[in-house]
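Naming follows writing order (A, B, C and D), and every chain is counted from residue 1.
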Amino acid sequence: MLETLKQQVCQANLDLVAHGLVTLTWGNVSGLSEDRRFLVIKPSGVAYDKMSPADMVVVSFDTGAVVEGTLKPSSDMVTHRLLYQQFAGIGGITHTHSPKATAFAQAQREIPCFGTTHADHFYGTIPVTRLLTAAEISAGYELNTGHVIVERFAALDPIAMPGVLVASHAPFAWGQDAADSVRNAVALEAVAAMALDTFALAHDTGPVDQFLLDKHYYRKHGKDAYYGQR
Amino acid sequence: MLETLKQQVCQANLDLVAHGLVTLTWGNVSGLSEDRRFLVIKPSGVAYDKMSPADMVVVSFDTGAVVEGTLKPSSDMVTHRLLYQQFAGIGGITHTHSPKATAFAQAQREIPCFGTTHADHFYGTIPVTRLLTAAEISAGYELNTGHVIVERFAALDPIAMPGVLVASHAPFAWGQDAADSVRNAVALEAVAAMALDTFALAHDTGPVDQFLLDKHYYRKHGKDAYYGQR
Amino acid sequence: MLETLKQQVCQANLDLVAHGLVTLTWGNVSGLSEDRRFLVIKPSGVAYDKMSPADMVVVSFDTGAVVEGTLKPSSDMVTHRLLYQQFAGIGGITHTHSPKATAFAQAQREIPCFGTTHADHFYGTIPVTRLLTAAEISAGYELNTGHVIVERFAALDPIAMPGVLVASHAPFAWGQDAADSVRNAVALEAVAAMALDTFALAHDTGPVDQFLLDKHYYRKHGKDAYYGQR
Amino acid sequence: MLETLKQQVCQANLDLVAHGLVTLTWGNVSGLSEDRRFLVIKPSGVAYDKMSPADMVVVSFDTGAVVEGTLKPSSDMVTHRLLYQQFAGIGGITHTHSPKATAFAQAQREIPCFGTTHADHFYGTIPVTRLLTAAEISAGYELNTGHVIVERFAALDPIAMPGVLVASHAPFAWGQDAADSVRNAVALEAVAAMALDTFALAHDTGPVDQFLLDKHYYRKHGKDAYYGQR
């Protein structure tokens, strides 16, 4: 079942490697079926160079049970599933430990919008979650990771802000589909790298003007977008 | 029409990838026809690995209208066209979001000439534009991006200083033709990376002596150049 | 003899190159035979691109004498052998001069656990040895390098902390076998790179909470591990 | 003439690219013939991907005149020739603008010996030359670049210290032959990168103990060396 989606999700995982965002087996990409009944995700701890579409694991959106595949799904599947349930309109999720974004997550610092590269992809400051409590970690850790992300987005639109830094952990990014979530993960890492150097050059740099943020974000997104083809 | 130029511009865009200056689809290169009647530019938001010379878009230098090509030109085409109109003698333009140069643009810091690598390509401090106003962004944004560059060059020679950092945005570089503009974009990124580390090693480093700048710049440029073949 | 182990150790050395941890001929990987009678190690100062399994050197675990192979073993073999003798349960060792971990070794700074990437592989702060004395360097240098590592682990479990920074020198990592020690060397370098940037972003960042460290470490290690397949 | 040497020098130039030390056409390697009558060097400003042994230029050691080759030699040939004349025992020279070493040159900071990676290749602090005067730059610039290097080595042994940073310019490295000089250029860049990060981690780090420097240097060099094969 879902052969096309499995192929897309497998390719998205491999694209993560091609973009240099993967060390060892860290990182995973999932995609949601169009009818929102299933999510397809990378298996847990499998080497990227041996992965094929047939290894992708199909999980029920409703129950979280594996409905196809001989391998265990990524242990982060529970986090992915909660995000699909809570963030209407997203169809793909990417989790990485990409080095520069992870440094921000570890330092528990948000990434201000310092330029148009950022504004093209993220509408404002990229947020950091709060730390999980001991209780949240000891039981239902992966689900609670999803919960602190959702909690952080209480006043944020996940469509306009397709990424987050989980404190002391690493980034998650999402998008319309698996490939789009990978693009946002790539942009998040690039933006984090540039922000690190921007801080080094000018400790007190502030974010860009709101009108520049609006311009660049809406040049690429929404009904008046005019970037790209069509 | 202009098949050779399309091939050169396509190759220059691919060279940008080969030099590691491209993330996702960020960046574009254009070239001017010898009769200065047309500019050829990368289409907007197209993946580099699927790009061929036939995808290049031909635009009228006089009117800015697309005269050949089925795809939309890069949204930065308007900026390119203004630079060709204002900077006599340039025949190629490269725009990137290369990470180290972009960090300087975001920090709104100029790049002093710290060494011969810089002096070989840029005759003096690489300038930063002023920020655009809300009005300049809301109407004619891409054209006004060109205008702030031209404004910044009021007292500068674009032939001797073939690059600029647009504040809160990213670098533009130019040259005799598309390939030459790519070389200057590569040099700009390398010079920015070295300058970042030079600042880290010695916060108060000043620029090189004027006579060293003169020596290296004129060793490679102008009538007394003796670097390279012929 | 030990053709399979030679193949594994040769491959592990080549993997070190593939992971970008090797400059010139710096670095070496060894593996222990299942009966713990022999260790197989890379020859000294041989170029990686010309290395084959037949070049691997077989050394007696008991005597340290070369028992097979026409090349000299890595000069660090004596250090490897002592670690195998002192650290029960390890079956592979990797030594590199990977740049970020080496910077910590040179600065004689331990690497605090700043996030889950670290916690997934190293149970706590990655330690630095003391400096060797003049006497320890002048006679039995490589053996004494092993001794200061073992001394540093007096109160540490080498299974839970599969790596160390030798002061003014570089990292050693180990694991169940040669391939596992390479994975830990890769993780050590990645964790060092992230820690450097974390320090740059927040000078006073402290380590993660103990319960997060426990969660991530035991999610991957020990009897209750549930990461990966089986 | 000197076909083998041309092949070696061409290969050494290509190795420089493979080691990631080259941007655009920056950098050049030369080698001295065994009878010390000729030096073979890369042509000026030629793209690496189009270079073959036949492009190498043969120059007379005595007169500095081109004795074979249709292309102009690298403009740095004059510097190379002076170093061969003044530094007895060297047979190859590599000049690069490798980014981290160049940052030290630009900051006019020497590189202290912070660890064994450095000690394995350079016996002590890697020196920086003084700046050239206006007069030295205006006439005989490339020759005077050689002179300030030689001047800096008045109390240094170029065999034990096979590299230097030319102030406001970039590094030169040398060795027994062309390939050896490339290895030293690679080591110099790696050592510079590590030193930059070591400074970031501990601003007041001092150099390693003299006995550690002696141990590592003489483990690899001189009559009692025991690293490598034979």
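Convention: a residue touches a chain if its C-beta (ideal position, glycine included) is under 8 Å from a C-beta of that chain, and two chains touch if they have at least 3 such contacts.
All of these numbers come straight from a predicted model, not from anything done at the bench.
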Rounded to the nearest Å, the gap separating the Cα centres of subunit A and subunit D is 45
CA centroids of subunit A and subunit C: separation to the nearest Å works out as 32
For subunit C, residue numbers touching 2 or more other chains are 200
Among line, ring, star, complete and other, the chain touch graph is ring
A full list of chain pairs that touch reads A-B, A-C, B-D, C-D
In the complex, the residues of subunit B that touch subunit D are 114-117, 183, 186-187, 190, 193-195, 197-198, 200-202, 205, 208-209, 211-212, 215, 219, 226-229
Listed in rising order, the residues of subunit A that touch subunit C in the complex are 23-24, 26, 43-46, 71-72, 75, 97, 99-100, 102-109, 131-132, 134, 137-138, 141, 168-170, 196, 199-200
